[in-house]
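Note that chain A is present in both complexes that follow, paired respectively with chain B and with chain C.
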Partner chain A sequence: MSNAYLTYAAKRLGQAVVVILLAYIFTFVVVSILPGDPITSVLRNPQNGFTEQEIAEIIAAQGLDKPIIVQLWNALSGFLTGDLGMSMRSNRPVATLIAEVLPSTLILASAGLAVALVLALLVAYGTRFVPKKYGQGLLRGFPSLFLSVPNFVIGLMLIHIFGFQLGLFRVINPDSFWATFFAAIALGIPVSAQIAEVLIANLDKEAEQEYATVARSRGIGQARLFATHLLKPASLPVVTVVALTIGELLGGSLITETVYGRTGIGSLVQRSVSTQDLPVLQAVVSLGAVVFVLVNLIADLLYPLLDPRVKIVGGRKRSPTTADEPSIGATKAVAP
Partner chain B sequence: MSFVSNPSLRGSGSASRFAAFRLPVTVALSLLIVTIVLAWSLAPSLFTSYSPVVGVPADKLLGPSFAHWFGTDHLGRDVYARVVYGTASSVTSALIAVVIGVLFGGLIGLISGFLGGWVDVIFARLVDVLLAIPKFLLAVIIVTAIGFETINAAIATGVSAVAIFARVTRAEVIKTRQATFVEAAFLSGGSRWFILWRHVLPNASRSILPLAVLQFGESILVIASLAFLGYGDPPPASDWGLLISIGKDYLKWPWLVYAPAFVTILTVLSVNRISRWLRKTD
Partner chain C sequence: MASQDRLTPTLLYPATAAPLLKVRNLSVSYGRQEVVHDVGFELGRGKSLALIGESGSGKSTIARAVLRLLPSGASASGQVEFEGQEILALPERRFRPLRGRAIGFVPQDPGNSLNPVRTIGVQAMEAAALTGETNTAIRKALILETFAQVGLDNPQRVYDSYPHQLSGGMLQRVLIGLAVLPRPALLVADEPTSALDVTIQKRILDLLSRLQQDLDISLLLITHDLAIAAERTDSLVVLKNGSVQEAGKTSSVFSSPASAYARKLHADVPALNPDRYAKLRDPGLRPRTSREAPKIEVSAVTKTFAVDGKILTAVDNVSFAVPAGTTHALVGESGSGKTTTIRLLLGLEEPDSGEISVAGDRVSGRSHQSLRSVWRHLQLVYQNPFTSLDPTWTVEHLVREPLDRFRIGTSQERAAQVREALANVGLAEHLLSRKPGALSGGQRQRVAIARSLVLKPDVIVLDEPTSALDVSVQADIVEVLLTLQAKLGLTYIFVSHDLALVRQLAHTVSVMKQGSVVEQGSVTDIFENPRHAYTASLLESIPAGISEARPALQPKARHTYRQEQLA
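Up next, the complex of A and B:
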């Protein structure tokens, strides 16, 4: 815990707080300033049967009659104290609605991440061992194939093959083990592509390092070389890539939950979109940003501790191989 | 004269020069597929004689055959015709998304990279914010706010891609600005805007192109996902994502899902291959 590290940590923490606040303001602006005024159009929808007086009451209760800047201030101070406002449809606190469905999504997302990690490791391991003659090129093509398949297609394929043809799970019982298992695979495959891509590139790089040549010349086998020499340095940068895929996991679980008929954040979003329940949507989107920023903050703070080659200079991380280091930095996009 | 027979020198003549320009087979194939898809979107009626909207009820849910390449759906419509006619909206909307991303992202990156200072700081925060919001959620909330139409899905996808273009353009601009020839242009009295236009922009655009192509493929996927969730044009439109979404209720007739899915995957795979090739040849 050097002084430089603490400065770096404090700086990153400050940045994260600023980004979270700005992200909240941004979603607020998107929701309230864009044309169409969905809020009153929902309320005035004759199907909902609100009288003019009720509409006025709801608008007053939500504070929608106040100037936009006051609304923003109220929403922001509520957000900071954990009050996410009221749902326009069910008249219940948004925080409660989210808390009810969060566990299911967390299970799916972590299972999806586990699938992604295992799959990425298998593919990367394969590229080290499968000879060029026997389809190493095919294995190397896997990440770009996985990136080209929409995850709802994977989900439907799995349902068709394992649910319909083999009868392994029943589609109408989305919480059974097998249904969750296949939903996690559908969610994990596109995510694994990004991880595998970086892992393969890093393994290739590490295999050409002098220490690897030395180890090979001492007669170490491929398997031991991989396990004891290459894997650790090659997988450290993956920590940051995994953190970056959190957004993918959240967005993907929205679709996967729809395909598999699971309840969760995704189905909550779906319902809120179709009923234009903007307070719920805004809360989910800004919480998504909070999760993303926090996970990336943790990854960034952990990384210099895990990898002693990374030096912190002037409050910034400097890694030994800056040239082709994949995606270092909080919110940098994944190198495609 | 032993080195003449050295095998490593073989082909150093015109043959290797030809080889240097030869397309890899997969790239040629990818270009062919993308060309066909573009042709589908420009003139769908040249590729099928069936109507994408009116079906023959007696022919409903037929399997793939010579008469109906991709089979028919629950209303007896030819699925191949539906896919071909749906291409225009699936592909043009992805193009619109990329154009939005390139224009706005490029502009932000160009200005913040070139001017630096407080402009750069402000734009950098904006880009951080855009990157922090999970892309698909951002697209969903934007399309909800502006309405469920394919064109709005394209706008939402484009906005969610602005950040990545801004970041890459900024990095390229900063790299170019430090080049000696730009310094020379400054010293010989070139104005800021002239240098920006004449030197910085062309150099930056070279690495934007592969990214734009890659983003084109990703936009196809994002827009298909939005259409799948029902946030695009409603039926009888036949966007690829919408076709798959309709097909999921008829999984006993799996070609209704697999045919449009196959076309989507093949297109995105080809686009990605072209992007990787562009990056490598650059």
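Up next, the complex of A and C:
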């Protein structure tokens, strides 16, 4: 690991921290300046039945009587130490509420990503090896088909077929392997479409490169060509695409959890939105930002390790296209 | 058309020695369009044959048909016999064992012919596997031995490198090494040197000739350069638009071409016709009085760049002067500082020290704004007409743009000037509404020249203006340039690595190496009496066509191959 790479990694890490902090401050400010003061409007809602004294206590406990800048400082320092405040509905720490549901969502999202990757690879492999007359064109149409069908439609169809018709899993209060499996498929299919799209296009491009022809002239067969020559260069842009689909995966998890009646971040968000539980929402939004930034950070850090052509110059990575450009006529090295 | 008996080189070989490769009635189509028509030739064991022609002549398509590497959508018919076995109709499963083992392939563009994200060693292992050797350590030893054999001086380091870490010349050595490693009987080399510098070109061709001799390999060489083909092969097949124009022993086709096309091809190769444009060029050689100020004066210019913390001197104390109405050539290999010199001349870079003036105006040390008036008199024609013209603009728009930019004349006057510029470069008016995509390479470069002419400049900088074009198209462009010079009294700065071309059209020349001018003078002096060893080596690398002795094949020469230095 070179010095240049470590400098680059440190710089990207620093940027990531700044982005997370800014995202937190941004959501905080948006919530604070929203007209109508949602916090007091919830507390003063007659249906909730708080007395004036209770309201004053809650406001004091949440620190809502302090100046906004002090509130931000308290929230931010709490956020950095893992204290995400108290839920306004259940009066329990937000961190605990999230910790209860996070594993379920993480399992679903990772399983969804795994499904997406496997499916994308299968479709891409098929487009190279299924002959035209046996439906290669159909396979090539899969990404656009999957992209255009909404996530919940696939989820409902899978429930209908495998839950109701075949009885593979319980539809009410599901917790079995199969329930997670089908939820992951419903979540993974639209995500796989984006990955497959990029992978197919890149495989087509790589297969036309001269090196592929030259490799074939060395007696390399099509299957080996795919596995040892084409897949790696074609997958490199996929790293970036996967990082970008994390948002989709998280958003999709919320919908899928609702459709499958799973507890998870999705159900927590749904409950908090309907009860306007702002500390929870703020925490979930910030968590989303953290996950998104982290995944993209990992992608950025991985890329120079995967692609030997990427050069790190002055703490920035340079793509192969710019790295290939010869510097103008400069050849003679003179000791400075 | 050639006479019938010259169309088939079959007669060259006694009937008893069966040829290694026998192509008969080969036709290749892309979709419904036939691009190769009824081609036939034979290549004997240990012999060499060149397929020669311009782009679109079908020469590469024939090579790929023999290798069975045609792109999908292409279909070949006819017979290709290799060692007596018909291979065109062979199922892929039965042909694959021949690939690499019996038929090796050296591609055109070394920079794109190795997988960019895998090390050279991993890819070399694929070739080593074809030898049947199962022990990995022995395979690796074989690879390193082959790398040394093709003149790579640090085989282990090459083995561990990724392709982008090596120069084009080194990559081509690697590819040649990988092709010969399994000891094939036939080597197909598709323009193996067209992407390389001249001096490296000669070394690569020497290497191919040597390996062909040492290992007794038959060579099928695809090239557009008649001089190279004549120098390196036993027989020639001249192709045009997918048909054989002439075929036979190299010596007879080369020295007395029977077909009109082969004669034209011969006439268009600069190396073989140094004095072709003497009449057009010579008026520029008239004696000058010493009081006449030079049009371009570059004095003691130095330019350095900081790259990765190191200081690189791209141009080192370069001086030259060019009299009005003449052509000054800057020659040298890639990285010799030619391009930086012209960027300095055009005011695109500021020199660290030294002065540049054009027509008495200083170029160096001026603001961008005040340079605009200089640029009216100083125009550039770029190297590659396939990338230098905006594909969404019409020819008229492209040629008119400089007039629009400098707000010259009314719109009628501009239109008239555009037509005049087009007429000057020999383009018909009906092309005005075309877009670059609908023009040939030669037409595109004419448009680029017209675009530089329309401001009526005194000086045009030509940056390798023909290096992306075919020989015959190159000849057309050179003629246009020389005619314009004679007619309009233009002064040219001509950047090129092709010395044969420089000899045809330039009056004076500066030979550059690593940022410095190593030799300077009139073209006649430099070419007839080079004083610097580097100039001599550049001159030697001009393919001479057929010479009495073939020096590359003398055993003594084998040990003197210059090894490529690791960057």
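FYI, the second predicted complex is superposed on the first by the 314 of 336 C-alpha atoms of A that agree within 3 Å, B and C clash if a C-alpha of one lies under 4 Å from a C-alpha of the other, contacts with A are read in each partner's own complex, and residues count from 1 in each chain.
One rule holds in what follows: a contact is a pair of C-beta atoms (placed from the backbone, for glycine too) under 8 Å apart; a residue touches a chain by one contact, two chains touch by 3 or more.
Note that the structure is predicted; figures quoted are calculated from it, not measured.
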*asked:* Going by the contact rule set out at the top, does A:Leu166 touch chain B (first), chain C (second), both, or neither?
replied: neither
_chain C versus chain B, contacts on chain A by residue_ = B
*Touch check for A:Arg309: first (chain B), second (chain C), both, or neither?*
second
*First (chain B), second (chain C), both or neither: which does A:Ile69 touch?*
neither
_Is A:Ser217 touching anything from chain B or chain C once the two structures are fitted on A? First, second, both or neither._
second
_Touching partner for A:Phe152 - first (chain B), second (chain C), both, neither_ = first
*Jot down the residues of chain A that show up as touching in both complexes, chain B in one and chain C in the other.*
330-333, 336
*Going by the contact rule at the top, pick out the chain B residues touching chain A in the complex.*
125-126, 128-138, 140-142, 144-147, 163-164, 167, 211, 214, 217, 221, 224-225, 228-231, 241, 244-245, 247-248, 251-252, 254, 257-258, 261, 264-265, 268-269, 272-273, 275-276
_Which residues of chain C touch chain A once you look at their complex with the stated criterion?_
67, 69, 71, 96-97, 99-101, 103-105, 107-109, 112-118, 123, 126-127, 130, 162, 164, 175, 178-179, 304-305, 307-316, 334-341, 343, 514-515
*Using the touch definition up top, name the residues of chain A that touch chain B in the complex.*
15, 18-20, 22-23, 26-27, 30-31, 34-36, 38, 144-145, 147-153, 156-157, 159-160, 164, 246-248, 250-252, 254-255, 258-259, 269-270, 273-274, 276, 278, 281-282, 284-286, 288-289, 292-293, 330-333, 336
*For chain A, which residues count as touching chain C in their complex?*
208-211, 213-221, 228-229, 232-233, 236, 306-309, 313, 320, 323-324, 326-336
